[in-house]
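Here it is: the structure, laid out below.
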Amino acid sequence: MPTLHVELFEGRTKEQKADLARELTQACCRVLGSKPEGVDVIFVDVRKENWASGGVLWSERSAN
Amino acid sequence: MPTLHVELFEGRTKEQKADLARELTQACCRVLGSKPEGVDVIFVDVRKENWASGGVLWSERSAN
Amino acid sequence: MPTLHVELFEGRTKEQKADLARELTQACCRVLGSKPEGVDVIFVDVRKENWASGGVLWSERSAN
Amino acid sequence: MPTLHVELFEGRTKEQKADLARELTQACCRVLGSKPEGVDVIFVDVRKENWASGGVLWSERSAN
Amino acid sequence: MPTLHVELFEGRTKEQKADLARELTQACCRVLGSKPEGVDVIFVDVRKENWASGGVLWSERSAN
Amino acid sequence: MPTLHVELFEGRTKEQKADLARELTQACCRVLGSKPEGVDVIFVDVRKENWASGGVLWSERSAN
């Protein structure tokens, strides 16, 4: 029954998300013995102005 | 003090969200004895290309 | 496909959680037209020393 | 290693988010002894029609 | 910078979590081009009495 | 109305959490103009065996 939330910078393509969802699901099945239909993956697109590391937004870092 | 996060596919109307928020809040009050003003409900709209079950994005399933 | 996360103070009984899960699920089905088997409810027990409102932990308020 | 998620009403400026990210990070460093580079802050913009308190969406309250 | 939250039933071994964290991280690197050190995986152990599907807690289903 | 979730390694004292909750709340009030009573802070204690960076659990790193 694992449910995965994946927070990542916005801008990824549908193909990347489709690939990643498949690979993450397969990893859960391999390691945990989950059935594929029991695995949910939810992507959360985060804008660079909404994510800070070390106290600095990534939108400001990119400006450097 | 319960706080509810409700992840659902985007596209629901304001009326549906208003109705659902009211009903979820009432259920918490009935079962937990919460005061209504202590209950928060936050909706998270998820696009079908951001949610996968069984390793397949719902945006791809809908295409079938 | 709604998935609900319910953060609540620890100490609720299994019966309360069972009742609440059922009622929350029914509300989603009624308002959104979801099928029951597509609704997941996850409870997150929060200790009073882990939740602050107005800058004060509830464990400190209870001490008053 | 603290990771903070900050849910707030949409409409805040980049300057407010930059300031808040810096201050939240500094507070973690001061109180927990974290290194700044280990602190992540993720903002989650919530529309008023997606947040209900007391069973009523904030988009409906604002209409009053 | 992806951050993954993995909600799963409690009872998994450290070895399973170590394996799964490594595989999930590798998948992110392969598909998204992330650097390993930028990937965080957080496991959230959920008791069966805290997870309901179809309105029924898994702790009650297991009793069948 | 901001709500903050703070994921941090378990083992922090109540005093640290009380201090941090107060400081985080004050920062929100200063920067966003929030009223203190509208700010919620929820701490999520994470065990080192449940958090991986770079694909390695922190419980394994500490063993080095």
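When the chains are written out, they are named A, B, C, D, E and F in that same order, and each has its own residue count from 1.
Please note the rule applied: contacts are C-beta pairs under 8 Å (C-beta built on N, C-alpha and C of every residue); 3 or more make two chains touch, one makes a residue touch a chain.
This one's a predicted model, so the numbers in the text were calculated from it and none came from an experiment.
Novice: Which chains are in contact with both chain D and chain E?
Specialist: Touching chain D as well as chain E, we find A, F.
Novice: Comparing each of A-C, D-E or A-D with B-D, which pair has over half of its contact pairs in common by residue number?
Specialist: The chain pair with the recurring interface is A-D.
Novice: Roughly how big is the turn, in degrees to the nearest 5, that lines up chain C with chain D by CA atoms?
Specialist: Value: 180 degrees, nearest 5.
Novice: Using Cα averages as centroids, what's the distance between chain B and chain C in whole Å?
Specialist: 13
Novice: List the centre-to-centre spacing of chain E and chain F in whole Å, with centres computed as mean CA coordinates.
Specialist: 20
Novice: At least two partner chains per residue is the criterion; list those residues in chain D.
Specialist: 3, 7, 24, 40, 42, 51, 53
Novice: Viewed as a graph of touching chains, is the assembly arranged as a line, ring, star, complete set, or other?
Specialist: other
Novice: Can you list every touching chain pair?
Specialist: Once each pair is checked, the touching ones are A-B, A-C, A-D, A-E, B-C, B-D, B-F, C-E, C-F, D-E, D-F, E-F.
Novice: Would you pull the chain C residues touching chain F in the complex into a rising list?
Specialist: Listed in rising order, the residues of chain C that touch chain F are 7, 46, 49-57, 59-60.
Novice: Touching chain C in the complex: which residues of chain F?
Specialist: Against chain C, chain F makes touches at 14, 17-18, 21-22, 24-26, 36-37, 39-45.
Novice: For a test of understanding, state which residues of chain A touch chain E in their complex under the given definition.
Specialist: That would be residues 1-9, 12, 16, 19-20, 23-24, 27-28, 30-32, 51, 53, 58 of chain A.
Novice: Within their complex, state which residues of chain C touch chain A.
Specialist: Residues 3, 40, 42 of chain C touch chain A in their complex.
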